[in-house]
Amino acid sequence: MRRVHSTEVRNAVLQKLSQRGVRLEDIAEIVYEMQAPYNPSLQMEVCLESVRAVLEKRELQHAILVGIELDMLAEQRLLSEPLQTIVASDEGLFGCDETLALGSVLGYGSIGVTTFGHLDKHKIGIIKRLDTKIGNGVHTFLDDLVASIAASASSRIAHKHRDWEEEIGPPFELIAGDTEKPTISRVFEETESSVVPLSAEENAS
Amino acid sequence: MRRVHSTEVRNAVLQKLSQRGVRLEDIAEIVYEMQAPYNPSLQMEVCLESVRAVLEKRELQHAILVGIELDMLAEQRLLSEPLQTIVASDEGLFGCDETLALGSVLGYGSIGVTTFGHLDKHKIGIIKRLDTKIGNGVHTFLDDLVASIAASASSRIAHKHRDWEEEIGPPFELIAGDTEKPTISRVFEETESSVVPLSAEENAS
Amino acid sequence: MRRVHSTEVRNAVLQKLSQRGVRLEDIAEIVYEMQAPYNPSLQMEVCLESVRAVLEKRELQHAILVGIELDMLAEQRLLSEPLQTIVASDEGLFGCDETLALGSVLGYGSIGVTTFGHLDKHKIGIIKRLDTKIGNGVHTFLDDLVASIAASASSRIAHKHRDWEEEIGPPFELIAGDTEKPTISRVFEETESSVVPLSAEENAS
Amino acid sequence: MRRVHSTEVRNAVLQKLSQRGVRLEDIAEIVYEMQAPYNPSLQMEVCLESVRAVLEKRELQHAILVGIELDMLAEQRLLSEPLQTIVASDEGLFGCDETLALGSVLGYGSIGVTTFGHLDKHKIGIIKRLDTKIGNGVHTFLDDLVASIAASASSRIAHKHRDWEEEIGPPFELIAGDTEKPTISRVFEETESSVVPLSAEENAS
């Protein structure tokens, strides 16, 4: 049996998200809303970059493919009963959508999990739009997956921000205006540019 | 080496919670706030009973003993560095408190996890009071443990409520005022004193 | 949209397992093999009863329906690519099967998780037979789900066994042959028909 | 209150492990035993490098500090009862050690979790030596933490190995002996040298 190359998996993920009406910019907006209070100089492009980075992980890519597949099969009424009704109605006590989504967020530490719980409860932005059942669209899995992507990307920024603070040293150095110290954008550039697309580092760690 | 009887463990848990200023009624209030929107006839005593029930679990009892021990050792400055400073300051990226608390909530399904995430972010009631650092009190672990107890007890009620709805049958029967159908308080009594097949106990816990 | 009654869900689970060649007795055999070393007087019927009990849980029931559905769709080549190839070939780094199965075992404490890890690696009995790819049968999700059921049922017995030991008191009482003390089968009967404070049901599930 | 720099945390982790008799080489040996069957050309130095890499993660560092602290306090009989007896005797149903250790392994995907379960059951090498209770040494938490480090490092190698296989292309190219293709050691060097010590990438992802 042929083996699926990771490039094929990644491309399928990006295509499916787009096909289901989710733009990476929509997810980045949620990340911004989550992290801006702790990080006033945060820029939207940093959020978008973080969304792209977490989407390189195999665990999350597979979860997205499985979840969207089940949503689409339910839309076409191709699941067997009683699963068809449970998924199509986004049954309150059905938890496989959250279990699948939680699996990938666990790798981003406790901030990831609590942010996921928050987003799952207070569906904001694109998550809200997906959760609102209109017409025949089924997004039972997708809204949780988007919450998972956003929570992971948020947690990743929180950790990077701390690393940046440590690199520039204690606050008084900021006041002193030491221009030789790295700026946050420089730190991000450095760690980003050294990470090759779909690198082992991104996937395994 | 002597073996600790489960009665001794349970009594220690109740005593420690009380000693640290947490009354079971405080936790029941959070449960009420979480579940009342989905269950308008919910009574406070049902919430309190649910808190007591989740506190019977070994996994949670052990987590409470470990967490409170670490809080108290940090208060007395008996931990070694750098752990002493990390715990005493409730370091933002320290996640062992949430990991320990999450361990016991995972058994209550996905509602438990999302409620935990919500409570961890929007600290309400007693959780808020514990989180507010006053004087030398350290509650780094305890606030997450209380969130875990409340989230577990909430999820347990959500599952029991569904079981009750199924027992009384579809809504029109309620309108018909079938007085032979079980009331919710009767269902709770019955499931407490005996486990029927597909009981709430089995589902929720 | 109609609401699915829990009886319908449970019946579908039992029917699907049977249809896919998994008898509850096969799972009970794995449970026996896991627990007999710690509990020499363990009887097969206790293992079977424990398998039945964990199968009453909503979280696990839903996971079984989702997993078997994906296996069967892959057999019929009805999944879209690249998911079709990934599931049909039980790709080594595909982890959604384990994530889904792990979700329900987490509720049974740490013994459940380590037993699941062990079974997932040393596939024994029916798990081995499912994992061996013969003909067109796809059991990518089912082998992990069976490991999850067996691990949960094993952990549940370990907790119940401890409760029983505590009820009969310290070992010397056994030597004294106190025939008034409860036997293990009596304890199981009692805890099934009624939940006593600190009962096995509460602890193990 | 002063803030603990991540360098201080990392140094404390390495010092504590050494102080408790765990050499990174001991852990690398377990990793080798786990991964060699899937990767015949695996070298011990790659395993050691992987152990070092997972030890850069904040989540795991914090878990190690907490776990060793509790072990040492139990050795000195400084925990309050009944926790003192539970930890000192490594009580069979005590699960906080596994919960804490599992928290950090979850970030490495499903291979990490099943390897952890396997190691927790079939304690090999240094884990076996720690688990064997000799004299007054308490290693209730440490043996699970070492299993977690080894499982994480193993899973990381499995993912990297796949990336390497994809980079060199399909098997027939290997036969063709295309010397321009990257070798596995070259792939590791490249991804390693681009990761700065304690980088954000390592910590957050």
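List of remarks:
Chains: A, B, C and D, in written order; residue numbering restarts at 1 for each.
Here is the rule we go by: a residue touches a chain if its C-beta (ideal position, glycine included) is under 8 Å from a C-beta of that chain, and two chains touch if they have at least 3 such contacts.
These numbers come from a predicted model, not from an experiment.
Subunit C maps onto subunit D through a rotation of 180°, based on Cα atoms and reported in steps of 5. Looking at B-D and B-C side by side, the one with more C-beta contacts is B-D.
Distance from the subunit A centre to the subunit B centre is 29 Å, each centre being the mean of its Cα atoms.
Centres computed as Cα averages put subunit B at a distance of 32 Å from subunit D. If each chain is reduced to the centroid of its CA atoms, subunit B and subunit C end up 25 Å from each other.
Annotation for subunit C: residues touching 2 or more other chains are 58-59, 93, 95, 99, 102-103, 109-110, 159, 162. With chains as nodes and touching pairs as edges, the resulting graph is complete, every pair of chains being joined. Those residues of subunit A lying in contact with subunit B across their complex are 92-93, 95, 97-99, 102, 109-111, 113-118, 120-122, 158-159, 162.
Residues of subunit A that touch subunit C in their complex: 1-4, 8-9, 12, 58-59, 62-63, 65-66, 69-70, 72-73, 78-83, 85-86, 88-89, 91, 93-96, 99-100, 102-103. Put simply, subunit C touches subunit B in their complex at residues 5-7, 10, 53, 56-59, 103, 106-110, 159, 162-163, 166, 192-195, 197-199, 201-203, 205.
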